[in-house]
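These are the structures in question, set out in turn.
Both complexes shown next keep chain A, but they swap its partner, so chain B is in the first and chain C is in the second.
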Partner chain A sequence: MSDKIGIFVCECGPNIAGRVDIDKIVKEISELKDFNDKELVVKKHKLLCSVGGKKFLEEEIKSNNLTHMVCAACSPRDHDTTFINVCKKTQMNPYLYTMVNIREHCAWVIPDKEEATKKAIQYIHGGINRVFYQEELFEKQLESNPDVLVIGGGIAGIESALNLASEERTVYLIEKAPEPGGKTMQGSNLNFIRQKTAKLLNNPNVKIFTNTKLENIIGFQGNFEIVIKNIISNELTEFMAGAVIIATGYDLLDCKGSEYFNFTDKDDVFSGLEIEALMSAQKKIVKKNGKAPSSVGMAHCAGREKVGYCSKICCNYLLKISGYLKTMYPDIPIRHYVKELCLPNKENQSYYNEMKSGGVEFQYVKSLNLNGETVNYTDIYGNAGESAHDMIVYAQAMIPASGSNELAKLLNTDLDEFGFYKEAHLKIDPISTSNDGIFAVGAAHGPADVTDSVIQAKAAVAKISVQLIPGQKIIPEVKVSEILEAYCTGCQTCLQICKYGAIYFDDERAVSVVNEAVCRGCGNCVGSCPSGSIRSKHFTNPQLFQEVKEAVR
Partner chain B sequence: MSSNENILVIGSGVAGMEACIMLSKAGKKVYLVEKLPIIGGKTIKNEETFPNLDCSTCLVAPIQQAILQDKNIEVFTYSKVEKVSGQRGNFSVTIRKKARFVSLELCLGCGMCYEPCPVSLPNEWEENLMEKKAVYVPCSGSLPNVPVIDAEKCLHLNGTDRSCNICVDSCMFAAIDLDDKDQIIEIIASEIIVAAGFDLYDVSQIDRFGYGKYQGVYTSMEFERLFASNGPTEGKIITRNGKIPESVAIIQCAGREESGYCSAICCMSSSKHAHLIKDKLHSVKIYNLYSDSCLTDKNYQKFHQSVRSNDSEYIFQSDMKSVKVTEEEGKLKISYLYGKNEDSVIVDMVILANSLKPSNGIGELTEILGIDVDKFGFISVEPYEIGSVETTKAGIFVAGCAEGPKDIQSSILQAEAAVAGVLAIAKV
Partner chain C sequence: MEEFKPKIVGFLCNWCTYAAADMAGAAKTKLPSSFNVVRIMCSGRVDHNLLLTTFFNGADGILVAG
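Then we have the complex of A and B:
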């Protein structure tokens, strides 16, 4: 069967028809001669996207036995999907269709009707050229494993595991420490985390591996092959999973003895977490000699300048500690040294107001130094001050958990400039990472409190629940790269370029190979290949040249 | 289709839209109810988002398009939920679909009906900084790109001039039907996600800011529209008296004391405003009057710091309530306490970073749903579970600023968490 192409020009009411000469377009395109034995069917329609328009296209495709189609209409952002659906309905391979935008690119931007018409004809001509070089492409379906690996047994990891595990979905939770629980176990709300941990241990669909780290992972979303290792026995365990949640938590910046924080273990200088530990062990806050403090200084933002971000949770927990102290010792002076308060939760301000009206003092400072329990500061107006206390509580910056670099490398995910896991998109996709099927939640992703961690864990649960439905196959990208082995010199430039780890090197044949299940079709490798051996399906050189050749004539 | 396949989402901002997209992927039938004639929420009022200055439309338009093209999502714009009864697994919901008078199926959005319409009105969506006709879309780039007719103001519909059919005659697609009526639609939903968003604190209630009294005083949302390339001035920063400001003061925490909470996003939006103004008007002098800096994301401080170093002079206000705006010889004088001394700056334009408040109408909605609100009027979550996204009524979840002030990514995360809640219930 020889090629027969349908070209359909949409009037879009007055939008296109009012500003370009539709009849002239139809006439000139019909008279085009440079397509050899290929036959053109050129027609106009009032409104291709309407119910009637779609029916018209279907009938034209069937009655003319069209093999290819060009729709000259609006922006593909508006109606590409509409016309692809028409193709699918008539069994025309949608990759043998293309859309030409003669509305936004011609009618709406060129005031002169003749000029606009001329440009529209060129564009449509380019579209016809292109569509003949397009190739049929077919969706593939891949088996997908619904199980999930959770790395880290803190609150974010536990919450993820509890919400994901079911009879149809096994969760493997690995934790480097001997017990799950994470940093929340060091806090004062022990009941909460103990209950969660108990639920975790009782869940038959969660397999917990403590003293364990990730040893190796290869594969892609739906099909990760995972090896974990017990760090005491060195025993290896292998399994498959479809997704990974990174919930490795955070560490705290060590401020002791640093430039601004000059103190030793003997001094009554405590971190927030040390106070929390005191609270859960002794139910009271006392100095190292066991006596009650008589004046407490609260140093905010320790190390904030060094790390380059606000840790978000510290203002609130220092306020909470003020509350404990106020209850225990109603009469002692408590003074916060604050650069700027960060109280984002709607409840926090009331608590702050309560503390303030209860006599807790807030000194705004530009900078401060600790010398033992004495605070030297420059206030917000530039005046120097000094205050002696007999107890200091400080809030140090949250930093990425140790080992993040190695883990990120294993998982082929990006870290941000601070060393936290980088989000796929800060605003609209905040817990996905640069690698499909791998998510980062809780403090692994950036400073977060328990509430944030739980919400992020649930968000990852939702993402996985809709992407990896047990029993459902996954459909990878169709417009992927392919490497022509005959031309590949084996230089491996593409391996360095590919963000998604979609290219591997076949040592035996000494060529690079694209894993089509992982490739997202970005085309970066195509441009990087010195021998021109990589082509991007649906964006091949002949397709692009043919289109551009006419459009820029 | 059994009822546990149907979910109702109320509100089509970033949180509501994210929930819809995910629920559809999970194979659910979703009903999305939006009170405005367009979807997209407040995000699309911004030209650019902090801190990376991503274009909002570029972020949101693909999501809006995906919603409108998704066969699993039935969108009710210009609609409201009127009645809800039943419980988790089986809520009966009554939706009023207000008469739009323009067919969503037949209209192309060509806009030929606007110009001939004889009625001009203030455009609320544009913060009343420009006018619209009685047949209108709120802004260019509206999705769905189909106008609506204001029945109270249309001469034909309000009875002033029954013979006026200009819009009907101007439409080449017979898309306008002046006999259109409200429709009542009954649906069954197994779960509900409330993503009703926020409104801004009415700063005209705070006398000392002079809002509504002095022409040069703007709210943050008014500035967003003034800066927007699809807004009233096509992005030119011109004050109401037609002048390009030589100096601008941005007053942060406007209404924080009055509302009783920190609104979490205004420090960053104020930094963004300072940067955007400086970027457009190089010689402008900008002051940010601040009291704290709430930088809730690891990516915020760097941008904030660069604005403080390069774009604006940050002035610490030791008492938020001491800040006062007065007019002197056509200029605006901002007086404030600096330490214990009174100080002031003189500027041409003032932008008030007003706090976020619960969405207008949240009271009525929560009553219809039978769920609790907190002392501020935001929707309460179930109190005994840390990180809960479920309201005080089982099966009804909340996402985004309906629960409290938050930025775009936190709204999206909460919406995703709400979806996890819906899916978990469906599994039981």
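Then we have the complex of A and C:
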């Protein structure tokens, strides 16, 4: 069958037609002589992407028995998929079609109409040349894997796992500590986290791996190949999953002995978490000698300036601890040293009011130094002050969980300027990451309380539930790269370059091979190969040369 | 003498600079007609072969942006 190519020039209403001479384009393209044995069908249309336009293209392809097609219209970022879908309804292979952008890169940017028309013809000419060098590609269908990997067994991870697990969806939850529960398990109110953890352990559709970390992951949404490692036995386990939830939580800034916090283990200086632990173990707050405190200072915001953000939860829990102290020791003085009070949730203001009217003091300060249990401060008027207490409770800044850098690298996701997992969009897509199918929830994103963590977990669950329907099919990228074995020297440069881990080395044949199910078709390996042995399908050098040749004619 | 209009080929990444060029187009930014866009899926795709062939074919300049 001889080649017959359809070239369809879109007017885009007045958008293109108002700025180039469409009829001249159609005429000159019809008269092109350098496609001797090939037949050209050149037509214009008012709106190719409209329902009528798509019908028009479909009928043209079918009735003319077209083998190739060029649509000269807007940006392929707008409508490439539209026209690929039209091709799929016909006998023509969609990869024998190409789109030429005569709107954004031509009609709209070249003010002179004659010049713009000439340019459009040049671009279309390049497109026709290119399309003859394109090859048929065939999409494969893959069953999407509905299972989910949850990394981190704090409240955010547990809530995600409990809401996702079903008979049709296994959840693999990995936790680096010996037990799930996270920071909340070290707190004073253990009822809810114990209940949740018990539910988790009893859920037959959640597979829990403690003392475990992620070892390797490759693939994409619906098709991740995962390897995890037990950090004690070094045992590896492999499985597939369709999505990943990062719920690795946070760590706390170590303030002991720092510039402003001069104390040792012997001093009665406690972090919020240490008080929480006391409450949980002994149901009371006492000094290290077991005696009741007689005067307590509460230091807010330790490390806030250093890390550069407010940790959101600390004012709240220091107030909570004041409440415990007031109940236990109604008569002792309690004094908070506050730089800026942060009371974000609706219940916190009334709690603050209650503490204040109950005699808890709030000293606003510009700066603060701890020397053992003595507080030296400068108040907001610049006056220096000193107060001696016999117990200090301080709130440390929340910082990214240790190991976040390595994990982000494995998962190919971005971290923000502070080292927390970065949102795809802070405001409108806050639980997605830069990598499709990978979500981050809870304090892994930055300061979050339990309510925030639960809301985020449920949001990720909702997203995964609609994106990863059991039994659903996915179509992996077809415009992938391939390595021509005969030219490959086995230098393995491409292995280092591929960000997606899509290339492996075949030891027996001593060549590199692309795993097509993982390759995204970015073409980075092509640019890196010293022997020119990699072809990126649909963006091969001969195809691009055709565009270039016309461009510089 | 005729004004020198350098023929420039821009290899633009689909995800960033090509998208930016689309936005520049939507804003009706003026471009000389001797500038030519070639879309690629990542600027890392560009190899020496592509660059040299572009020069051999007569380009005066190449812009790889991504």
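Please note the rule applied: the second predicted complex is superposed on the first by the 322 of 553 C-alpha atoms of A that agree within 3 Å, B and C clash if a C-alpha of one lies under 4 Å from a C-alpha of the other, contacts with A are read in each partner's own complex, and residues count from 1 in each chain.
Convention: a residue touches a chain if its C-beta (ideal position, glycine included) is under 8 Å from a C-beta of that chain, and two chains touch if they have at least 3 such contacts.
No experiment lies behind these values; they were computed from the predicted model shown.
Participant: Is A:Q456 touching the first partner chain B, the second partner chain C, both, or neither of them?
Facilitator: Only chain B; A:Q456 stays clear of chain C.
Participant: Going by the contact rule set out at the top, does A:Y260 touch chain B (first), chain C (second), both, or neither?
Facilitator: The answer is neither, since A:Y260 touches no partner chain.
Participant: Figure out whether A:R77 sits in contact with chain B (first) or chain C (second), or with both, or with neither.
Facilitator: A:R77: touches chain B and chain C.
Participant: Given the superposition on chain A, which partner contacts more residues in chain A: chain B or chain C?
Facilitator: B
Participant: So, A:E340: does it touch chain B (first), chain C (second), both, or neither?
Facilitator: first
Participant: According to the stated criteria, A:R103 is in contact with first (chain B), second (chain C), both, or neither; which is it?
Facilitator: A:R103 sits against chain C, while chain B stays out of touch.
Participant: Considering only touches as defined above, state whether A:D416 meets chain B (first), chain C (second), both or neither.
Facilitator: In the superposed model, A:D416 contacts chain B only, not chain C.
Participant: Let me test your reading of the model: by the given contact rule, A:F362 touches which partner, first (chain B), second (chain C), both or neither?
Facilitator: Neither chain B nor chain C is touched by A:F362.
Participant: Return first, second, both or neither, reflecting whether A:F192 touches chain B, chain C, both chains, or no partner chain.
Facilitator: In the superposition, A:F192 touches chain B alone.
Participant: Would you check which partner chain A:Y309 touches, where first means chain B only, second means chain C only, and both and neither mean what they say?
Facilitator: In the superposed model, A:Y309 contacts chain B only, not chain C.
Participant: If I apply the document's touch criterion, which positions on chain A are contacted by chain B in one structure and by chain C in the other?
Facilitator: Common interface on chain A, chain B vs chain C: 77-78.
Participant: Please name which positions on chain B make contact with chain A in the complex.
Facilitator: Going through chain B, the ones touching chain A are 14, 18, 22-23, 25-27, 49, 51-52, 54, 59, 61-63, 65, 69, 105-106, 108, 110, 112, 172-173, 256, 260-262, 264, 290, 292-302, 316, 318, 338-339, 374, 376, 378, 386-387, 389, 404-406, 408-409, 412-414, 416-417, 419-421, 423-424, 427.
Participant: Hey, which residues of chain C end up touching chain A in the complex?
Facilitator: Touch residues, chain C against chain A: 7, 9, 14, 18-19, 21-22, 24-26, 28-33, 36-42, 44-47, 49-50, 53-54, 57-59.
Participant: Using the touch rule from the top, collect the residues of chain A that touch chain B in their complex.
Facilitator: 12-15, 47, 50-51, 77-78, 81, 159, 163, 166, 192, 304, 308-310, 312, 339-350, 353, 364, 380-381, 416, 418, 420, 423, 426-431, 446-447, 450-463, 465-467, 469
Participant: Would you mind writing out the residues of chain A in touch with chain C in their complex?
Facilitator: 75-78, 101, 103-105, 108-112, 115-116, 118-119, 122-123, 479, 497, 521-524, 526-529, 532, 536, 539, 541, 544-545, 547-549, 551-553
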